[in-house]
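Below is one structure; the comments refer to it alone.
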Amino acid sequence: MQLISYDKDSAELRNFDKIDDVLSSIEAEKFNWLNITHLPSAEIVGFICKHFNIHSLWLEDILHLEQRPKMEETEETILFVINELNINELNKQIRKEHISILVGKNFVMTFQQEGEDLFKSISKNILSDKGKLRSKKSDYLLYLQIDTVVDNYFEVIEYLREKIEILEDELIDNKKVNAINEIHSLKKEMNFIHKSLFPLRQAIFDLQNLEHHLIHDSNSVYFNDLADHIEHLITLFDSFREMLTSLIDLNASNISNRMNNVMKTLTVISTIFIPLTFLAGVYGMNFKYMPELESPYAYPILWSIMLIIASTSLIYMKRKKWF
Amino acid sequence: MQLISYDKDSAELRNFDKIDDVLSSIEAEKFNWLNITHLPSAEIVGFICKHFNIHSLWLEDILHLEQRPKMEETEETILFVINELNINELNKQIRKEHISILVGKNFVMTFQQEGEDLFKSISKNILSDKGKLRSKKSDYLLYLQIDTVVDNYFEVIEYLREKIEILEDELIDNKKVNAINEIHSLKKEMNFIHKSLFPLRQAIFDLQNLEHHLIHDSNSVYFNDLADHIEHLITLFDSFREMLTSLIDLNASNISNRMNNVMKTLTVISTIFIPLTFLAGVYGMNFKYMPELESPYAYPILWSIMLIIASTSLIYMKRKKWF
Amino acid sequence: MQLISYDKDSAELRNFDKIDDVLSSIEAEKFNWLNITHLPSAEIVGFICKHFNIHSLWLEDILHLEQRPKMEETEETILFVINELNINELNKQIRKEHISILVGKNFVMTFQQEGEDLFKSISKNILSDKGKLRSKKSDYLLYLQIDTVVDNYFEVIEYLREKIEILEDELIDNKKVNAINEIHSLKKEMNFIHKSLFPLRQAIFDLQNLEHHLIHDSNSVYFNDLADHIEHLITLFDSFREMLTSLIDLNASNISNRMNNVMKTLTVISTIFIPLTFLAGVYGMNFKYMPELESPYAYPILWSIMLIIASTSLIYMKRKKWF
Amino acid sequence: MQLISYDKDSAELRNFDKIDDVLSSIEAEKFNWLNITHLPSAEIVGFICKHFNIHSLWLEDILHLEQRPKMEETEETILFVINELNINELNKQIRKEHISILVGKNFVMTFQQEGEDLFKSISKNILSDKGKLRSKKSDYLLYLQIDTVVDNYFEVIEYLREKIEILEDELIDNKKVNAINEIHSLKKEMNFIHKSLFPLRQAIFDLQNLEHHLIHDSNSVYFNDLADHIEHLITLFDSFREMLTSLIDLNASNISNRMNNVMKTLTVISTIFIPLTFLAGVYGMNFKYMPELESPYAYPILWSIMLIIASTSLIYMKRKKWF
Amino acid sequence: MQLISYDKDSAELRNFDKIDDVLSSIEAEKFNWLNITHLPSAEIVGFICKHFNIHSLWLEDILHLEQRPKMEETEETILFVINELNINELNKQIRKEHISILVGKNFVMTFQQEGEDLFKSISKNILSDKGKLRSKKSDYLLYLQIDTVVDNYFEVIEYLREKIEILEDELIDNKKVNAINEIHSLKKEMNFIHKSLFPLRQAIFDLQNLEHHLIHDSNSVYFNDLADHIEHLITLFDSFREMLTSLIDLNASNISNRMNNVMKTLTVISTIFIPLTFLAGVYGMNFKYMPELESPYAYPILWSIMLIIASTSLIYMKRKKWF
């Protein structure tokens, strides 16, 4: 647990192990940001909620990892729940992290599911007084935090774009025999992102239109910017969806093409040799009276006929572009 | 029929057989919850409706098992009709139960279709004074009841997820030859859920936005929570729908693949042996003058030619990745 | 032409042949319901419209059989146009009937296209004073009439459900070779219903939200009930649409399956016999020097080789689950 | 150029060649309808616009043949741009005509692209004082003109219906081998109609909701009627779209069926004769020691065996309904 | 950097290299248009923003090439971001250019990404006092600039239409074996346009509905015109989308057709010759007692039988329209 207390002139970062110490260290005349980077136990969150007079249903929202992104407000506080997405470096899979941001008059509390502190750069900036952050109110801190998460979405979308483009090239160059499993797994990943991205858009939209004493009119440009970014993400997301649909058509067409090629080979071979084999069979019969068999020119003549038949077939099929 | 009468200090549970006894036992100064766990006869419901001055059309809504979920209100009462879903343990099928909740100033009436009492835990909590339930008004009881039903939807959705994931694994691993019947039956189950889930969302939305003296502003956080849960359900439901569409593509692709494999085998065998059979046929002809037949080396030479033809074909098809 | 004049105390049914007689028989102090069961000539309707001061465009709406369902209102009258649907008992096809209801302060006029009187039970109830109908205003009569039509829609939907379920069973059990024509004809029937059902929903919605002195607030519960029924119809209708889409997939999959089976049979037979026929061809050749031909064991040895080849192919294809 | 000047008592039709003459002939105390049946030059329209103080952008709308249907208004005038559709009698194709209607206080101007005068019957009616047209204001004339165009849409839709139904019958009776080109060309025609029909709906909707001193409340029933007609057109249009989608399924299914039939024939022939040919090949071998060859019954026995094999295959395939 | 300062009487064009010089040259009593045709460095834009008191987030919007089209406003300025599209003459590909327009009371600033000056004709017109441009306010200049961009969209759409129509002809005439790659690449291009076109529509819609002292009511006709154009573009765009879907069906049908033709050829050849080969095989057997072999008429009789079989098959298949 990390508590950053700051006002225009000073900023201090303290680490705590016990929630009691944190709460007693909160300075009323300063602005306090409590950043918890591992999702704490229900008790601790309950303790905090009690301290700040927060409804037990919000407590559940903070603790419940499957909670959908949303924005909730009361007279005194705003709760913003968000799913951060990132790419796991090890297995190259998309990973979801549940983050809750609780905003009050002179405090912001962030609850991160686990792992690295996502908001490291923000706290650095506060401590080093970069970006005039210290003089801003809690809504600006909220904006910075949401913006950090939204930026990570762009990385995930970029990662998806690369995968789709590689697949697309393989399908156009006909390298992949059947890419349906890859397409399906991409669809699943997009489904996974969808479940976080679209509620987030709603939450940001709610925030943008919220009339609340904690949200200052002068900062509306920031929330408009967030809304703009999320719309951009959704445009990209939708274009990927169209791409995948097109890739399915491409894949189906490739499979049909291969089938066609196989069938054409079979047909070419059969069309040439089946009639010839019949002719050979005819002159293999054992009838007593078969006048052709006696002639000394019969054999070369038959070969000539066979060659004519075969080449006629070949020309016919060549014209039909079967090979 | 079960009547729970309670106020802040006391709570009493009584069971009745006759509706007259119930109505005469309702205590005006207490809060009364009448819980009927088997859908009663039209007469009894009519009797109750008359007693509480309820419109005969509501009577129909309570009795009609195919009634869509909805919320209705008059000056004095609110009717909430809901379809509870659960998994039948025996045949593993989704079962629908019609439940009506009638809310008045100092009473709540619940009509369950049949079977186990769904609200057992709520009545237990009232009797044991857990959860400060006794001091809350009728809208909180309504919330608890709807919440119980919504929680059951999550179980049904979870059960569906499992079925879809098993099917998905089978299709990706190519274990199932043709899963279209399974996909179709899943679609039917989703259709079945859809018919209960989407009207329920509308009903909860109506309840959330209802301005009524029975719904207290302080409890709006609970109805928001319900709306949040139902949105989460719908997000999951929609993602399943996309999954199923993707599984249909996967299935179609698997079928095409099998077909391709069958055709390739046919083509490989035919392409190799049909020309050879033709050659054998040629030297089986009975022409008198076939110079090749006389040569002692002709037979092994022909075998060599045949081997060359066969291996050339094999190499060609191997390169085309036909086997 | 049937005229029912009633007030709280009395009700009288009279049949007329001439429109003049009807109009002169209308009693101002009573409530009058003029029920015309065969669409009258343009003259008669024109005569009525003139008498009640109704716009000539409404006249067209009443007479035009292809008129879409809709609700229109003026200061003094409401026009409700509706398509009644029913199943023709003879050819089991869905039949559409154009019905117009014209509502004024002390009269209701119903124009039915032809055939049986759809509102027979309502007039019976009025005459026998059942259902307290006589004391209600014209909007209640309108409700009863629309409700009768909506109930008939449920029958048509039920009839459709049966047809879809029979088709579904046949497709799942693979009894039908190709059900695309049946699916197409079901789609056409749904298209036909769609054209009546969706405008009806809009008309009922308009009626529900209409502020008009002829529509009394106390009766809004009835129009809500109508809206509820029509929503239920639309939910069912949409679920049928999804079913049909799923049946098309099922059908396509069945066709593919059959094709697969045909191709597998061809491949199995060809794979076994084409190599054997080649071998037989080899030993049918007439080369002078073919050492194998002389050996007395050659023939049984060749048979053994052939059997080995055939059974190896069979085992291979069995493992691939081709038969 | 045709100018009809009329008031309640008189009506006069004059033809002009020069725009100056027209403008000087307009009588302020009468109502004037200027009907231009060939799209005039930019100069003439510019001249008119200048005369009536009309914005140059409207001038462009009037002259630009690809202008989308729309409704525009200023304080003093209303511009209604519309695409009239009709069937070219010669090549049976749908033809689009660009029509602009400019409505002012005491004048209406209609600009038709070219060809026959579409509004001939309206001008006849004015001149012969039919339909009490002369006493109506400019909005009624506008209604009549739009109504004429909308009526032509019904003819085009009817023409489309016929084409779709013919195609449908051919597909159901399996007469057409592949109707995809016809379906595609129908889709193109619908696309063509769509581009005119849907903006027209919006324009009529705008007109219906327009509050303007030129549009009188008493005429709203006419504009409602137009809106009703256009909704009817759109319902029909949408049902055709569904039909075409269904026809594509039908067509694809027909193609699959034919393919199936071809493959079945191949498989039936191959399954019967390939094993028999093998047997014939065996007894065509030249081994010295083949005991069967010596027996006098061998030949008929072999025929019997062959017949048994062939008929067994036939029965098997018959049972599988392959022919 | 180009600065055009003008009032009703005069207009002057000056080119600058340094931003300081530009800003000091801006004349307060004139109207100033600063046109920057290569996207300047962040510093310069930052400098300008500081000078005109513009928020740093707008600075980002101006510099960020991937910024979505949008409209933003403050009390004093309006920012319009737009993606201009054009066809690269060299590689015939669609090229996107990021353009920002910043509008203030007496100035307009345009930032073009690079390349040719898109607004050359507008500045010419100002300098030559064509189109009464000089007397109009900044919103009219904004209109002209957006209109220039929208006109370029029409060219891109036209270019797309040509490509689609060529592809369509090839598919209908069956010239292309498989056009799925071309269709896919068209889809990608449409996707690319979509990402610029739809946000632009929203931005123009926002501008049309904007109440701002910089946007004069008298110019609303221009913004309506823009909205009209963009709707026309979207109608065309949507119709192309439908076309492409139809082309995919056409393409799939063509592939099926070719497959069908290949299979039919195989089946025709096989159906004719396989039975004949069997017959030839029978009379090639070496049984001692085969009475037919002895007859002098057997050989011609067999040929006759074979011809009858072959022609019967041919007639049968001809009737089935297999060739």
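Some observations on this one:
By written order: A, B, C, D and E. Residues from 1 in each chain.
The criterion applied here is as follows: contacts are C-beta pairs under 8 Å (C-beta built on N, C-alpha and C of every residue); 3 or more make two chains touch, one makes a residue touch a chain.
Since the model is a prediction, treat every value here as computed from it, not as a measurement.
Chains making contact with chain C as well as with chain E: D.
Superposition on CA atoms relates chain B and chain D by a rotation of 145 degrees, given as a multiple of 5. Taking each chain's centre as the average of its CA atoms, chain A and chain B sit 25 Å apart. Chain C has its Cα centroid 41 Å from the Cα centroid of chain A. For chain E, the set of residues that touch two or more other chains comprises 252, 256, 259, 263, 266, 270, 274, 277, 281, 284-286, 290.
A ring topology is adopted by the chain contact network, closed into one cycle in which each chain touches exactly two others.
Circular chain order, beginning with chain D and continuing to chain E, reads D, E, A, B, C (contacts as defined at the top). Those residues of chain D that touch chain E in the complex are listed here as 55, 57, 66, 68, 70, 72, 74, 177-178, 180-181, 183-184, 187-188, 191, 194-195, 198-199, 248, 251-252, 255-256, 258-259, 261-263, 265-266, 269-270, 273-274, 276-277, 280-281, 283-286, 290, 292-296, 298-299, 302. The touching residues of chain B, when paired with chain A in their complex, are 172, 221-222, 224-225, 228, 231-232, 235-236, 239, 242-243, 246-247, 249-250, 252-253, 256-257, 259-260, 263-264, 266-267, 270-271, 274-275, 277-278, 281-282, 284-290, 317, 320-322.
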